[in-house]
Each structure stands twice: as C-alpha cells, then as structure tokens.
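Scrolling down, you'll hit the structures one after another.
Each of the next two complexes has subunit A plus one other chain: subunit B in the first, subunit C in the second.
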Partner chain A sequence: MKVNKIFIVILVISLLSGCGKRQINELALVSAVGIDQGSSPNSVRVTVQVVRPADARGQTGAPAGGTGEPIYSVQAEGKTIFEAIRNLARFSSRRVYWAHNFIIVINEKFARAGIADMIDFFTRNPELRMNTWIAATPNPASEVVSTITGLEVVPGEAVDKLFRYNEIVSEAPRTNMTRLQESYLNEYTHPVLARLELKNRGISNKKPEEFGSLKQIELSGTAVFKHDKMVGWLNRAQSRALLLFIENVDSGIEVITCPDLPNQDATLEVKSQSLHVKPIASGSVPSFHVDVSSRVELSESGCLATFNEMRGYLEEQMGNRVKEQIESLLAAAQKKYKVDILKLGEIYENEYPSEWRRIRDDWEDIFPQVQITIDSRAELTSAVLKITKKKIPRG
Partner chain B sequence: MKVKITNGMFVALIMTIIYAKAIGVTQGSLAREIGHDMWIATILGTLQGIVMMILTAAILQKLPDQNFIGFAEALLGKWAGKIVAFVIFLFFLFSFGPIMVTFIYHFKDYFLPEAPIYLFIVVALIVGIFGGFHGLEVMARMALVGAFAVVCLNILLLTGSLSEFDIHNLRPVMEKGFIQTSWASRHYDTDWALATVMAGMILPMVKQSEKWVKAGWSGMILTCIAITMWPILEAAVLSAPVTAEYIVSCMHLARGAHIGIFLHRYELIMIALFSTSSLIQIMMSLYCSAHALSKIFGVKDYRPMLIPAGLALGAFGYWLVLDHLRAISFTEKEWPLISLPIAFLLPIILWTFGKLFRRKLSRS
Partner chain C sequence: MDNLEKDITDSLAENTNIISAILGDSADINKREFSFGQLKGVCFFAAGLANTDQVSTIVRSFAVFGEHQDASGNRTIQAISRSLILNTSVETKTKINDGIKGILSGDTLVLLDGYKEYLLVETKGWDKRGVEEPSTENVVRGPRDGFTEDIRTNTSHIRRRIKNPDLRFDEMTIGDKTNTSINIAYLNGTVKKGLVEEIKSRLSRIKIDGVLESGYIEELIQDAPLSPFSTIQSTERPDKVSAALLEGRAAILVDNTPFALIMPSYFWEQLQAPDDYYNNFWMGTFFRMLRYFAFLTSVLLPSAYVMLISFHQEMIPTRLAFTIASGREVVPFPVLFEALIMELAFELMREAGLRMPKPVGQAVSIVGSLIIGQSAVQAGLISPFMVIIIAITGISSFAIPSYSTSFSIRLLRFPMLIASGTMGLLGFTCAFFMVMIHVLSIRSFGEPFFSPIAPFSASEHKDILVRVPWWAMVKRPRTASGELRRLGAGQKPKPPSTSEERHEGE
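The block that comes next holds the complex of A and B.
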C-alpha cells in the first residue's frame, strides 16, 4: 500500500507540475490597450500599457531597484491585432498577459473602418475579462492609454474608476466587452461606446501658473456604430438621453434659468429617472410612446424666489429639458445616423413577436420613419437643507 | 458484503452525472438552435427524462438484484444479456467523447492552453480508474460532495451575474414555437440519458428498492432546478447570440461574473466546484463500461476490465477532442443519434419483454 501511495504521489507531481509555464515575474501585466490604424494601409497599431509592479505600489519616487515610472507603454504594428500583439514580443522582455486589463481604447479612424476583428479577438481570448471597458477616442489611442490621469498611479486603473464613478454625471454609456459583443451580434440593435478625449485640465503642482498644462482624460459623449463601423458621435445631452434607454440613470444635474432673474440659474440634481417605452403596432410602420419621469432635488439656487414659488416652474422646465434631450437623440439616431441604438426593435419584438417577424428584415429602413411621442414629467421633491427666500443686500 | 448506497447518494449521482455537460456545452448547442428559449428546452427534456427514469426504476423493481444486463439474461438468456452489455458498453464508449469535450475544453481552453491534450486524458483516466476501482460507494460519496459543490457553484454564479441580468433578453417566450423547442430538447436528452442508463446499471446496488422511483424522479427534478438557472442566466446576461458563439458557454458567463468591484475572475474557484461533477461523469462511464465488458467476456470481477475499458474510452476521447469542430459536430449530431435510441428503446424493449414473459419474470 505504501508503495502504491508513493507511486501515486510521484505520478501526480510529475503530471501536474509545469502545466502552465507562466510565473508571475515573467508576465507583462497589461492594464490598458490602445488600438489605432497602422502606418501602412490595412494595418493596426496596438499600444499596451504595462504595469511595473515594483514602481506601482502607491509610493512616489523611485523605490530601490525601480525606475519611478509606474507604467511601461509599448506599441507594435501588424496586419491583424494578434499579429501586432505577437510583434510586441520583439520589444517586451515579458509575456503580454491580458487578465488584468481594465480598458480597450479604439481610435476613431480605426473604429470607422470596423471593429469586428477587435471584438472577435478579445472575445476569443480566454485571458481577457469580459467586464473590460471599451471606449472610442478622437485622439490617438496610443496617447490616451499612455496618459497619467486622475489620482491613480496606473492610468488604466484611473480610467476604470472614471467609468465606475461616471454614473454621477451620466454622460457616457458604460459599455464593457459583454455588452459590446451582445449589441454587435444583435442584428437589429447597434453598438455604442463611451467617448474618451484628452483635455488640458490638469494643473502642475510645480508650475501652477501654467493652468491646464497637463492633459487629462475626459469621459463624456458617445460613439455610435452601425454594426461594426462607427458612424458618428453623440454629444453630452444626447448621451444623457441615450442612457435613459439603455442603462439605469440615477444621477446627473440640469441647470435651469431662474424664473425671476434671467442671468441667474438654479441647479437640479437628478435623484432617479425612469423611462418606459410602449410600442404601438399600427400598419407597416410601428410607433412608440416614451414616458419619462424624473425625480430631482434643488441643489443650488441663485434665484430670488423661494422653493415653493418656483417649484412648478422648475418641474416644468426640467420635464421640457429631458424631452428636448430625447428629441435631439431621436433626431441623431433616426435622421442623422439611421441606426437603432435605443433597442426599440427589441422592445417591439418582445411585445409583438409575430408583427416583428413581418417587419424585422426591413427594420433599418423602417426605423427612421417610426413615430415616437414623448411624455416627460419631473417631480421636484426637496430643496435639501434650505427653504427660505434669498436675502439681497441693498446697496 | 455487497456494496449498497442510499437513495440520497443515488440522487446525488443523478445530479452530478448530468450537470457538467448540461450547463455549458449543451446550452451552447441549444442556443444555436432555438436562441433564448434554451431553458424551456431543458425543462421539456427533463420531463422526458423523468418518464424514462421512472420506467427504468419500475423495470428493475421487478428483479431488484439485477441490472439491465442481468434482467435481459434472466428473461431471454445468456446471449441477450451479452447483447445488452455490448449496447451499454457502446453507449458509455461514445459518451466518453462529449464527457471529454466538457472536461478538456473547460480546463484546456480557459486555464491551461499550453498543456497537451494527452495530459488531460491521462489524468481523467487515472482518476476515473481510481474511482472505478474503489467502487460505487466511493463514487457515490464523492457525488454527495459534488452535489454540495453544485449548489455552491450556482450561488457563486448567481451572485456574480445578477447585476448584469436583463430580463428583456428572455422575451419573447417560445419564439421558435413549441415543436422546434421540443425537438431541440434532444440535446439535453443526451445528458439525462447518462443518468438513466447509469441507473439501469447501478440501481441493484441502491438500498430500499421501493424508493427507487421516487428517488429517480426527484433526482431528475432537483437536477433540472440546478441546471435551468444556467440557461436563464446565459440568455439574460450574455444574450442568446453570444451564448451560441461558444462551445463552453458557461465558462464565458463565469469569466464575466463579478461580485462588487473587488471580487472578479473567480472562475478558478467555480471550476474547482464544477470539476467534481465532471469527474463523476468520467468515473461512472469507466465503471459502467468495465461492468459491461466483464459481462461480455464472462469475467466475474469488473476491476480487471477497467484498464481495457479505459484504453478504449480514452483513445476515442483523445481522437475526438483533438479537433474542436469534429468534437462539437459529434456532440451535436452523432451523439444524439447514438445515445437517444439506447436511452429510450432499451428500457422500453426490456419493459415490453418483461410484460411478455411475466411468468418467467415472477419465477426469476
């Protein structure tokens, strides 16, 4: 029996050792990826931001044996993404490892040429997290992924947190790889991605007089796709309206002009918003009724009127503002880009499956003609801590 | 003393032998055929499985000391027993293909892409033969652990996926119609077929024959509850088109699961919980095929037959998984053609002969 046990232990050790040859100190842990068009036609340039573990431990300055640079960015080109990544091996002393990647940034030019390859590669790769964020940028993606932004030491982590806390402003869709793959594979609903842009917003501590000397990454706006090809952008207001259709929106602000002072404003903070779409089957072209309700609080007021006096006015203005945003979004989706990014086809299919089967093949032609009515209401429920009238000092 | 397991262990064996393939590989096939209605096909398949399990238990209750092979031998003679043994051996030989597809593609494609395929085959055979050698009681006790692991795995996945749950992805219900959805349930039928044929081999070793029917159908229902969560989540979280893209769709769901911000990529924990079910499939296939071989060759002890059975099953499994397309094509097309006639017809034929030779049966 003892011999048997020894034999089994030796067998197990010999079989199970060295299954994976990857030791952690042999890996280049990627935290962000940028994808641009390559210098030659039909080529792709991949930039990876690799974490230097010795220098990314949260301390400032160069620790012993380190360089002081928390990231190492390197790029390579190839005809396909995989070839470009394999070409990285010419520069990288460690094997590129994707499991800790936070974000994939795609340059606008590349996105307009089509991202089918990109979606396929990253959803075929078992290392990648399916909740990796995907964003588009009008800037070179290589520059975006190499820019240190926010408080984090690792830029990829900073952008990850931008996405996580983006719900406060709600100005960009939070599209991850799962959602992108889902919308790309859906024949009738088209993908959207968040927009990242470099803005001169940071202030150097060493040169505070040079305001905006440091580039920071801004997350705001939406890239609209038709199947796998980008067709254009949505602005902030349109993006806010889009989020009502595709995500849960429980935050955001709207600035409304005061009822009594035209050069002063009141700021309303959105506490919750809900949108309900009711499809109506009517002939060959369906119609939809959109019902939006917003619950807001008064967060800042430069007006003379009290909360009670201007409550009705602010509610009406807020309702109108949301309606305008949705109308602007519908104009962009139906007239400008002619793509269903609002999941209206899916909603119609769920409610009227047999009617949907009749029109689904022509949905791309029908969608721009669809009539959509909007009913938007707002409820101002609180003025937070204050309730009295503002006192104006008399000169 | 002859080994006897409890009815609870039998229920755990049913659950673990069906679970591993049914949650991922089968759901991918269903999604390719009927989209997001895969959970309905799974339930329809379960209903068929319950009928066949009850029939299997009812047949063997007539001769509680005999399995399908012994039952055929008692009714129709020695050669009938050998034919049934050969059919059962063929069933488990070919079942080893989809079982290896499930086992190897989970581990190799998602965790150890550089490890050679033969390594997985050798490990599977060593563990399978080890379990088979120690017999039914060891496997049944392991199945109890496996059933607990299944519950843990389901809780982990549910917790990690609910935040992405979109119920609209499950609508409209029965999109492809009842007939097409029922036809698609054959993919799940191949999973419960393993359980019913296994029951046909091991029920004589389960205590309290009067409880076999109840244990059989309750095992099938519990398994259905444990499994149906997966197609619902796969459709609602990933969407049917995404599920349809993958051979092992459950792993695609698992690698996207995350609990809050800090706990993600815990699929290694999930695969550890999953592996018991996969290993039970492997062990039981080897155990039943070795039993069938021993009956074919008239050997009293099944243990010496574990090696030839392992070599045959391992060779077939290795050949199949070498090519992904061949593997999935066999699993979706040929395997139902092989397994379902055996799973449906064998109990029906034995039941019919049992009725025809009622007197002989009562004498036996």
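The block that comes next holds the complex of A and C.
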C-alpha cells in the first residue's frame, strides 16, 4: 500500500530526527564576546557575555531564581579561538549559541598581534552573523564585555544601539563583520575598526558624590590596521574626517570662537556633509583633489554680533576646521601609519583602471607620497529665526 | 410483501385487509371508516404527519355527498375527486405501493367500496420548527432566515428569492428504508452544462438503507473521498444557495436537515462570508483578506512557532528571542510536547463546551480559561507565549465561516505540528507542500478545487482575493452556461452630467 509506505517513511524520519536539537531555553545566548591575549603569548582568552533570560526580562511572572544579574560572563582560554570556545563548555550548563551575538570586542594587544584567524573563525562558522559589530579596545576585552552599561537590560544590546545611533556624534566607523572582511580581503585598502573604551561616566544613585564611580562603554575613535595587524589609533577629529571618506556624515557639531568675543563660542551643527574625491593621473604618482562641502546651522551662539555679521566668518572657520581635520587624518594615514584606509586606491582604480594596473603592486609605497589637495566649503543656512543682536550690558 | 406491487380490487373489505396487513398495527396509523348512505369507505392516514383538519374535511365532504345522493355507482372516481374533494391536491391511483408511500409521507388514502381505484389526498401537515436564524453562519448584515428540517419550507426559501420559471427542483428518493426525498435545485439555462446529469447519475448510484442528514449524501458523492477538505459546501443559508444557483451551480436539498449542499465548491469560497457581498466592498475586501490571514495563521502559526523555538533560534529577532527564552525558562517540556498539550486542551475545551448543555458550557469555558490561561503559566508548566500562540490560532480558526473547513484545518494542524517539531523548517515546508499538492490535485464536480488561483483565470479575480463593487462584477463565472453577462452597461453610479443639470434648471 502506497499510503502505508508514506506513513512509515514519515514515522521513521520523525523518530530519527530531532534528537540533539536544543530548545531556545536550553541555549546560552551570547550577546557579546571579547577576545584578549591569553596568559601565554600564543594563546587566546575568550570572554562571553551570556544573557540570563529569566533576569534579563525583568518581571517574569514565573519563579526566577538566581542573582538578578541580567548577564552571565565567563571566560576560557585556548590555543585557538575555537578551542577556547569549546573550553567554555566545561562550565557552561547550556550550549553556547552565537547567532544572537551583538558585538565582538578585540583587545589592542591581541589586535596588534594579528586578527587573521579571528576573522576566519567568525566568518567561517555559519552560526555567526555577518552583521555583528566589531570594535577594538585599549582596555581588557573581558572587562568591556562584562561591564553593565547603557540603559538596556542586556549590555550587549546597549553597545548595539550605540553603534546604530552613533551617527549623532559621528566619531567612530560602524564596522561590522561584513565590512571588516571586505576591507581585509581587499589588497589595497586596509581595515579600520571602531574604538570602544571604558570611561568613568556613570554616577551611582547610591553615592552621587562620587562622580563617575561607574564605568560605562564609550564609542569614539578608530583603530587602524595594516592588513590584519593593528598599527594605531585615530583620535576623534581624525575619525570624523575618516567617516567623510568611508561613510556618510549627516550630523555632528563644531564649536568656533566668536569673531568679537575671544572667550565666547558659537556652535554649528552639521546638517550634511559631502565629500568628492577626484583622482588625477600624473606620472607614476597620482594626485587627488578632495572637495568637501558642509551644510551647517547655527545652534548656539554666545556672540554679540548678529547672524548676518558673523555668517561669512563662521562659514570660513567651519571650512578651515574640516580642512584641518582632513589634513590631520591624511598626516596620520600617509606619514604615521602609511596605510590606505581612505579607499583612495579603489577610487583611482574606478577612474583609471589601466593606470591603476601599472601602479597597484607598488601602491603601498606610492600612497605615502600621494599629493592631496583639499577644497573645503561650508554653507551656513539657518539661524533658526534669531537674527537680532544680543543686548547685554558690557561689564 | 408481494402485495405491494398489486393493484387494488373492487372489494372494500379485501383492500382494507391488504393495507392493514402491510402497515401492521402500528400505533401511529389511523383508520377511519365511514358509511354515508350507500357510500362506504375507509381513510388511512398517519397520525402526526397528516393534518387532522384536512382529514375531517375529506370525511365531511363524503357526508354531504352521502346525504344528497341516492346512487353512487353511476359516478366515476375521477368525477368524485373533481366534484367532491375540497382538499388542494388529489390523485387517483391503483397501485398499493403508491398508496402506502403516500400514507407514510402524510397523505390520506381513501378507499371507496365498489371502485378499483383509490384516492390519495394530500393532507400533509406535521409539526415543524419555525424558521430561525442559522446557527453556523452568522451575518451582521443580511437575511436572518435559515433552512429548517422541512424540505418544502427550504425550497420555498429559494423560490422566494428567485421567482423564475427556470428555477427547478428535481425530486429523487434515496434510502431503501427511509425513503428520504432529495431535491436538486438549479437554474435551467444557467447551470453549468452537464452538471445536473452528473449529480443525478452520482445520486442514482447510491444504495443505502437510510439518509438522515445531508452529510451522508456529501460523503457518497464527493470527488475526493479521503481528503480532509470537503469539495462540497454545506450551508444553512438560503441566500448562499441562491447566489450559487445564480452563478450556474446546483444545490442538493435533503429532507429532515437544515444543511443544503452546494456543488461544485471552490476552496476560496469556503473562506468567504455572505457579509462580504452585502457590506461596502472595501469592508468586504478587508474582511476577506482578514479571513485568508486567519486561515494561514490557524494552519501554520503553532508549527512555525515550534519550528523556530526548537530548530531555528537564529531566525527570531534578538530581543524577541530573549523574551521567549525567559518565558520558557521554567517550562519542563519540549516545545513540541507543550504545543500538543495545549492544542489538545484547547480542542477539549471547545468540544466540551459544545456538548454540554448551554448553562454548563459556560462553566467549562470559565474553568478552562482559568486553568489554561492562568494557572498553567503560573505553575510554570506552559510558557505564556504558547498560550498566546494557541489563543491566536483558536480565534483564527473560529473566524473561518465554513464549519467543515474549520474542521479540516484543525486536522491539518496536528501533522504540520509534528512535522515541524521533529524536522524543523524542512518538515514544515514538506508538510505544507504536501497539503498544497493535495489541494491542487483535487476537483469538485469537474472543477479544480483551487480555481481560479490555480489554474489561473484572470477574469474571475474580481471575486477571490478582493470583492469588487457590484457595478464592476459584470459577468458570471465562466462555468455557468447561457448568457454570462449579469449586469447592464454603465451601472456605476455617478452624478448627473453638467449639461443635464443645466437643462433641468431652465
């Protein structure tokens, strides 16, 4: 009987399969992972931040025992990352599950030694997602991962939101696994990673007089890599300039001293910035022309001058400020680290493919000598209706 | 019993004996002998089925006749029936068989002395349930009358809606013992070609001792006898039957049940409600979409949840995953088992609520919801998410207008659940595809069950996923025969054109 055969096949399949699979509450859901150098130079220490669902949810309604902490952070060491992760199973009562990981934090020391095997592991494993954020930190990664930070119940989620909404300050690149791998696999462009740092920012409700007694994670700055090895940091201003090259910048502020009062400032809010790079093929060393235009608004002014009086001055200062930032970035990239993190090679390749083929093998040597001219303009569009002069008695 | 096939004789005593012998001395068969002047006779009728007023009218008319007539021998029985009987319908018969059937369906058999024929007077009149609102397919806007157990009342409902000589009811009798009358209703000239013949040939094949409900007939003439889906639609609503007749389909009415059968039937139509056509077309379309969604939810939701929780945790959005994990933290069962328990508990509650007397049924639902909804979660036996999933599934299955379809969905849910609980997405997909392949392969009286989606028929999409306004529904479905256009040209209402207005103003 055909029906009987089908029935038997279904029965056998359903009895044989399904074993070994875990329900969602039998998994240790990792929300953040930190990678440090182990106790011996050749080993790696992996710290995982595991969500404790019963406590991460707040009021459960069901009897929830335990410490009340939303996360459970543990670490294990091994010669390779995978071995370290397997060693976690020695004390984790649940299977470590990576698919919901928010962020991978890499310690500076580990990064300087090279992250090739880490990129390989985190892209090879199908359980890991390519949209996981990656950041470097000068602090021990274990400390960053196990710190309770932000408003979210799960700290990993707080860092995730930090990345998602970081366009408000625009001080760190939004680097995830896809981007890291993309620039890692590209021979001529070098990777960058966002910088996470623990700072004493939080104020304890119980001891408000001890300012900054709680450590919080701050996202600001950039780590520069040469191939897979970290070579150094970029500061905030340089990171902002870098974002103009590799991402879009539509927010941020600049503080500029008043034209009439030396100890008073006007604050400009960036509404949009656009950067165009025009490569120029000339001889063996190409040159580039960078054209930046910024649209800003006046958002805070301590100056006596009216909007109309200040406008030209502010636009000029703003233009210069952006130019300075880019120059500082170029100095770091070309002179200090000697790595093309600006994707200039890519731009050149797209514009002049045949010329690029001639110079691409020497690009690492050519890049530091490349001439880059900068043209920066700013346009101050709105003063939000307050255009009259301030009336304060001179002291 | 060979007497049944005989004709009656001209001896009253002999005839009376034969009929009495056939009927036995059953308590409900009444015999009324009368003798007026030279006229002697006997009336046979079934108590409760025949209206006693009507029977006494017969006797009274013979009494008048007997007093004023000296000789009766010179009158033919036809003359008697024409000039004497005051009742609405009289037949003259000779075969005993016909007379017995007549008695058993409420008519009165009148034997007269000296005649080789007898009279069969229609005196049907038994206690009927009044016309009530149908209990299965409720509407907010639309007619409230439903079919009853009486087949003549039911045909009258349809006739009242379609006052057309083309509306035909073809009578058949099925059931060797029950002799149940069955009417095939159709609109002559509009009905799909060959449909009535096909129905008749399928019905005439039936050899069964009794038909107590239209479900018997449905299962005996269905195209896909093993399918959980029913390819014949059953309804209690005369307006639904009338609409089907206008679309060129046919209906079977069975005596003693308020459920009529409509054929051919399509899958989509079982998710459509009469309200769709009576309300504003925007609402009709929205509610229809809602019901399609409810159908999918009630079939797939528990399986999708079980599949995600036990196999594909990476497919759940992260925050939701944390919340679900926290809800399941204390639950001791695997999610498949949990789902099966809850499904069974839900079905149990529904069934118990249905079977219990109405006042007790409420108690069942209160206790059930309290235990399942509250205590099971608090005790940590069931996760709150599972309660929500099962509740949504249950509500969705109640949103399906056709009772038989909502049953087939209930049945499909369990294999789907087991397949996705044991094999994850693979099992889920395979089970879903098996159901789809099955649905796509079955037919209903020659029409593909999934039509007009598959096979695709663009012209009929005005009434499947959406319900277009009546002024745009120009044609009948292509299965109907005869004139396909059901609407005159330019039926869309619009304000009078400006030139007309000016003309009126002058």
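Observations on the structure shown:
Everything below uses one rule, namely that the second predicted complex is superposed on the first by the 366 of 395 C-alpha atoms of A that agree within 3 Å, B and C clash if a C-alpha of one lies under 4 Å from a C-alpha of the other, contacts with A are read in each partner's own complex, and residues count from 1 in each chain.
Here, a contact is a pair of C-beta atoms (placed from the backbone, for glycine too) under 8 Å apart; a residue touches a chain by one contact, two chains touch by 3 or more.
In this text, all values refer to a predicted model and were calculated from it rather than measured experimentally.
Of the two partner chains placed by the overlay, only subunit C lies in contact with A:V51; subunit B stays clear of it.
Judged by the touch definition given at the top, the superposed model places A:A99 against both subunit B and subunit C.
Looking at the shared chain after the overlay, A:K336 reaches neither subunit B nor subunit C. In the superposition on chain A, contact of A:M130 is made with subunit B only, not with subunit C. Of the two partner chains placed by superposition, A:K79 touches none, neither subunit B nor subunit C. In the superposition on chain A, A:K109 makes contact with neither subunit B nor subunit C. Of the two partners subunit B and subunit C, more subunit A residues are in touch with C. Looking at the shared chain after the overlay, A:Q181 reaches subunit B, while subunit C stays out of its contact range. Look at A:I24: by the touch rule set out above, it reaches subunit C but stays clear of subunit B. In the overlay built on the shared chain, the residue A:H276 is in contact with neither subunit B nor subunit C.
Judged by the document's definition of touching, subunit A residues 15, 21, 99, 129 lie at the interface with subunit B and also at the interface with subunit C. If you check the complex, the residues on subunit B that touch subunit A are 109-115, 119, 122-123, 126, 164, 168, 171-172, 175, 237-239, 241-242, 245, 251-252, 255-256, 258, 261, 264-265.
Subunit C makes touch with subunit A in their complex at residues 309-311, 313-314, 316, 318-319, 321-331, 334-335, 377-378, 380, 384, 418-419, 421-424, 427. Residue ranges on subunit A touching subunit B, taken from their complex, read 11, 15-16, 19-21, 99, 123, 126, 129-131, 164, 177-178, 181-182, 185-186, 343, 346-347, 349-350, 353.
Of all residues in subunit A, only 10, 13-15, 17-18, 21-25, 27, 29, 31, 51, 53-54, 56-57, 60-64, 97, 99-100, 102, 127, 129, 154, 157 touch subunit C in the complex they form.
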